[in-house]
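Naming follows writing order (A, B and C), and every chain is counted from residue 1.
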Amino acid sequence: MAVEKNVADVLAEKTLTRRRGLAFVLFWASHNVLHSLGIAMTALVIFVALLAPLLSPHDPTLQDSKIRLSPPAWAEEGSAEFPLGADNLGRDLLSRIFYGARVSLIVGVCAVLLAGLFGVILGLLSGYLEGRIETLIMGVADAQLAFPSVLLAIAIIAVLGPSFGNVLLVLTISGWVIFARLVRGTTLSVKQTDFILASRSVGAPDYRIIFRHVLPHVVTPVIAVANIQIGQMILAESALSFLGLGVQPPTPTWGGMISDGRVYIWQAPWLSIFPGMAIVFTVLGITYLGDWLRIVLDPKY
Amino acid sequence: MRDYIVKRVLRSFLVLFGLSLGVFALLSISGDPATIMLPPEAPMSEVISLRKALGFDEPVYIQYLKFLSRALRGEFGNSWQYGLPAINLVLEFFPATFQLALAALLFALVVGIPLGVVSAIREGSIIDALGLSLGVVGRAMPSFWLGIMLILVFAVNLKVLPTSGKGELRHLVLPAITLSTAFLAQIVLLVRSGMLDVLREDYIRTAQAKGLQPYTINMRHAFRNTLIPVVTMVGLTFGRLLGGSVITESVFSWPGVGRLAVQAVSARDFPLVQASVVVFALWIVLANLIVDLLYAFLDPRIRYG
Amino acid sequence: MAEKTHSSLWDTNVTRRQVLKTGAAGGLAVLAAACVPGATQTGQPVDAPAVVSKKTTLTMGIGGDVPGMNVLERAVAPATSVYYAMWDTGMEAQFNADGSRKGLKPMLITDYRVLDDQTTWEFKLREGITFNNGEPWDADAAAWNIEYRLTGETTRTSFRSLLISKYEGVEVVDKHTINVKTNIPFAFTPLIMMYLQVAPPAYYQDVGLEGYGENPVGLGPYKFVEWRKGQHIVLERNPDYWGEQATIDELIFKPFSEDATRVAALQAEEIDMAYNVPPDDAQRLTDAGLEISWIAIGQAMNLTMKTGSNPGHPLESPINDKLVRQAMNYALDKDSLVNDIMGGFAAPLDGQIVGPSCYGYNPDLEAYPYDPDKAIELLAEAGYPDGFTMDFDSAQGRYSKQKEVSEWMVGEYAKVGINLEMQLFEWSAFIDKVYSDQSAPVFYTGRNWYPTMDPENTLKMYECSERRAQVCDDELETMLFAQRAEFDPAKRETILHDIHTYLYDYCPVVYLFEAPDIFGHSTKVKNFVPTPDNRVHLIGMTVEES
C-alpha cells in the first residue's frame, strides 16, 4: 500500500518541480511587458486607494453649486483647482475617483474572493463526488441562476437593511454559480485523466487527489473568470445602489459615479468617462496580473 | 444516457419547487403589495380590503400552498398590474428576449473565439495584448453606458441605425452588440488561456515533432480542448442573458421578458414575478442540460451513467 | 339653500402670480379658445386644403410601459397619458395663461349642485353623447361605472380611494341625472368626478375584465386601435366625438423607461414629442433645433418631517421641535436648488404646500428666505448648538432628479451642522416604508394637487386619523374639518389661506419646489400648451408635415 501511494506522489511531484521557484517567475515576469504592466497598474490602484486622503485635492463630499459641471483643467473653462472638473453637485471629480477606488476595490476583490471560494469548493465537490451531492449543489445553482437578483437584493434590504456587508452578501450569492459550474465541468474532465484514475485505483484519499491533482487544473479557468468578475462586481455595485442596496451616497464609488454621470453624457461626458477609465484601468491591471498568476500557479510550468 | 436525462428532469422539478418556495418567501418579506399598489390617498380600510382580496390576510404557508396547487395546474393567476393572465404575458414577451440573447451570443462567439485563438497562438505579441485589452475594455464598460453611447453615435449622429424598439433586423444590431460585451471578454480569455494550457501539453509537442501542420495542431488538438470551459460559459451565460438583459432591454426599449420581470418585482406584482421566474428556471434547466450533454460529446472520456 | 354653491367653482380665482406674469399670455389663451365647444375648427391649417386628406400622426415617447388598459381597475402614470386621449373625465381643470387656476370645464358632467341635506350631490350628465362603440352615456351608465369602482374587489383607482370612506350610494334620478350620497358633508365630492373615466357597461360586462383590458372602448377624442405590449399603443381620431374634433389623425405612444433613449429618439426624429425630458437636456435640445415646453405642475416637492406630534405615530427626534423644523427651512437655498440643480425648470414653493395653480393658494405667503445664520441660531436656541445627526430616506427613479436633489440637501444641511444619513431605496421599498410608518424621521417626496387643482387631498395628510399622518394638532384639525364642510367657495378659500399661514409657521415639511413637466418636441408640433394638471390636452394641437 505504501509503495502504491508513492506512485501518486511521484506523479504529483513531477508536476511540482516544474514550478522552478518564485525567483524564476519574477525574473520571467519582468521579461513579459504585459505582466510587468499588470503588476505596476494594480500596485498604482492600491496605492491610490490607500493614500486617497493625502492625494485628494478636496473633500470628496463637499459640494458647491457654483462650480457645478465645470470641465477638466485642460478644457477652455476648466481650472487647475479641479483637475478633472466637478460633478453634477459641484464636487471635485478627481477626489471622488481617488476615494472611490477604496470602496470599489474592496467590493470587487472581496466579492470575487468570497464567490470564488464558495464556487470552487462546491464545484469541486459536485464534479468529483457526483451522485446526490452533485444533484443538490447543481440544483441550487440552477435555481440561483433563475432567481431574479433584483428580487434577492430587494428582499435583503427589506430584512437586513442596506449596509456594506449586505452588498457583499448579494454579490456573493449571485456570483458563486459561475465558478461552481466552471470548476465542475473541468473537474469532470480532469477526473478521467490517467494519473487521477491511477491515484484513485491505488486508494489515494479523495481530499488529497482533489487538492493536489484536480485543483491545479481548475486554477486556470478560475483565474480567467475571476479577473473579469472583479470588474463585474465593481459595476454590479452601481446596479445595486439603484435598488437602494449599494454603498450609500455621498460615499463615492466608481460604479455609482458612472451611473449618475450617464444622464450628463452630452453636457459633461467626463462625469462618466473618468470613473469608467478608472474601472478599465483597474480591470486591465488585474487581468495582466492574472495572466502572470495563471502561469505562476500552473502545474505545467 | 436516458437514465441521465430522466435524472436531470427529476432534478429540474426539485429546482422549480425550491425556487418557487424561495421566490415566495422573498416576495412576502419584501413589502406589503397592497400599500404599494394603492394610490397614496387610499385610507387604511382600503389597504385592509385589498389585502383580503389578494389573499394576504391568510398565514404565509397557506398562501404558499394555495399558490403551489394552482401553479401545478399551470395557473399563476392574473397579473395585478395588467389584469391579464401572467403566464400569457411572460410567453408574449419571451421571444423578444430569446432573439436578443441569441443574436448577442452569436456575435460574441463569432468575434470572441477567433480573437482568443489568435491571442493564444501569438502569445505575448501586440495582437495578444490588443485582444486581451479589447475584451477587458468591452467588459468593464457598464452596459447602460455603452448602450447610450452606441445610440448617440449610430442613431443620433450618424443616423444609420434606429435608437430603440423592436422591428426589423436593424433594430437588433445595437442591443445585440451591447449585450454581447457581457461575455465577449470571458470567451476571449477562456479560449486564450485554454489554448495556452493545451499548447504546452506533451501530446501537442509530440504532434509538432511529428511534423503536423501548425493549423491542424491548433484546430484539431488545441482548440478542441478549450471547448469545455467555453461551452460551460456559453450555456451559463445564455441562460443568464435572458434575465441579465434587463438593462439592455431598458436602454433600447426592447420588449423583453427581463424588463417585464423587473418591472413586476418593483410593482410587487406577485403572479407576474412567479410566472416569469418559473419560465426563466425552465429555460436555464434546459440550457444546462444541453451543456452537460455537450460535455460528453466534446470529451468522450466523460460519460453519464 | 338648494342652489347654494351651484357652479361657483367654475369661477376664476386671480392670483398674485397671474397678476405678475401676464406677459406670457400666448399659449393658454389658444387652448381656452379651443375649448369652447363649436368655436370653429381652429386646428385645420387654412392655407393647405390640399393636404387635408393626408393622415397626420403624432408619435410620443412616454416614461415607461403601460401596464394594462383597463381604466376602471387602475390608472397610474405613465398609462394616464394614454388614458386621457381615450377617456374624457367628468370634468377637467381650466387654466389661465400663466398656469394659474381658472375653474372647471364641464365634460361628461355638465352641472352639479348639493341638495339641502348637504350630503346628496346631484350631477347633470351631458346629453346625447355616446361611448366610442355607440352605447349611450346616460344615468344608468354613470351609476354603473361609479358603483363598479366603489364595490369592485380589485379596483384601485384614485377615484375609489378618495370617495370610498365617504360614499353612501348612487341613484338614478332621471335619464340624465344621478345623485351621489355621502355620509358627511363633503365639499370635495364634485371634484372627485375629475377622476371619473368611464367604460360602456354592456360591452364591459360582455367582454369581461380581461377582454376589456385587451380591447378597451372609451369615451373621448381618440379610439383604441392596437396595443403591442412593451412596444407601442396606437389610437386613431374618433370622428364621432361629441366635442371639438382633434386635428391629429393618429397617436402612437412608445414606452421609454430610460430618459437618455427617449431624448435620443426625439433627436433622431423617431418620435415627435418626448415626455419627462431631463432638465439638463433641455438647453441642448433647443440648440439642436427642437422645442421645449414646460410648466410647473401641481406637485409640491418637499422634505417631509415626522413631527412626532401624532400619538398614533410617535417618534422622538430633534424635529419634534418647531424651531428645528423652521431652521431646516432657513438652511436651504431654494433659488440655488431651482436654478442650479433643476436648471431653472421648477418654481420654488411660497412657504406653503401648494402653488398658485391650486385653489386656496395663499398669495400673501413667501418662501422662507435662505438664511444659514438664522438656521444655526434657531438650532442653538432649540438646544443643538453643534447640530445633530438624523436618518434620511429617499428613493430614485420616480421624480425628476430625485437622487440629485436628495444628495444636494444632504450636502447643504451639513453646512449648518445637520448631518443627514441618507439611505436611498428602490421606489416601492421606499413607499412601503413610508406608508407602514417605518421610514426615517425625514424623507423626500412629492405631494400632488393635480388633477383637481384643489388642496383637499394634499392637506388630508395633516389629519390625526390619516394613514401616515405625521402631524396632529387641534387648531389645525379644526380648520381642516371646517374647510371640508364649507360649501361657500369664498369662505372656504379664507379658511384655506389661514391653514397655509398656520402651516408656514408649523413647518411640517421643508418647502422646496413645484415639480416640472418638461416636454421636448419637434417644430412640426404646433399649438401645444402644457398645463399644471399633468396631462396633455390634444384638442387643438396640430402636426404640420414638413
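One rule holds in what follows: a contact is a pair of C-beta atoms (placed from the backbone, for glycine too) under 8 Å apart; a residue touches a chain by one contact, two chains touch by 3 or more.
Every value quoted in this text rests on a predicted model; they were computed, and no experiment measured them.
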item	value
Which of B-C and A-B has more C-beta pairs touching across its chains	A-B
Taking each chain's C-alpha mean as its centre, the one farthest from chain C	A
Chain closest to the middle [Cα centroid of all protein chains]	B
Centroid spacing, where centroids are CA-atom means, of chain A and chain C in whole angstrom	47
Whole-Å gap separating chain B and chain C, where each centre is the average of the chain's CA atoms	39
Chain A and chain B: spacing of chain centres that average the CA atoms, whole Å	20
Chain B residues counted as touching two or more neighbouring chains	30-31, 144, 148, 152, 266
Where chain C touches two or more other chains, by residue	260, 426, 428-429, 432
Contacts with two or more other chains, residues of chain A listed in rising order	154, 158, 262, 265-266
Touching residues (chain side chain C, partner chain A) in the complex	259-260, 278, 280-281, 284, 336, 340-341, 395-397, 403-404, 406-408, 410-412, 414, 421-426, 428-430, 432
Residues of chain C that touch chain B when the two form their complex	64-65, 67-68, 70, 73-74, 76, 153-154, 156-158, 160-162, 164-165, 209-210, 213-214, 228-232, 254-258, 260-261, 264-265, 267-268, 270, 426-429, 431-432, 435-436, 457, 460, 467
Of all residues in chain B, those that touch chain C in their complex	30-32, 35-47, 50, 53, 78-85, 89, 92-93, 96, 144, 148, 151-152, 155-156, 159, 162-166, 250-256, 259-260, 263, 266-268
Chain B-facing residues of chain A, complex	32-34, 135, 138-140, 142-143, 145-152, 154-155, 158-159, 177-178, 181-182, 185-186, 188-189, 192-193, 220-221, 223-225, 227-228, 231-232, 235, 238-239, 255, 258-259, 262, 265-266, 272, 276, 279-280, 283-284, 287-288, 291, 294, 298, 300
Chain B residues within the chain A interface of the complex	7, 11-12, 14-15, 18-19, 22-23, 26-27, 29-31, 124, 128-129, 132-133, 136-137, 139-142, 144-145, 148-149, 152, 185-186, 189-190, 192-194, 197, 200-201, 228-229, 231-233, 236, 239-240, 243, 246-247, 261-262, 265-266, 273, 276-277, 280-281, 283-285, 288, 291, 295, 299, 301-302
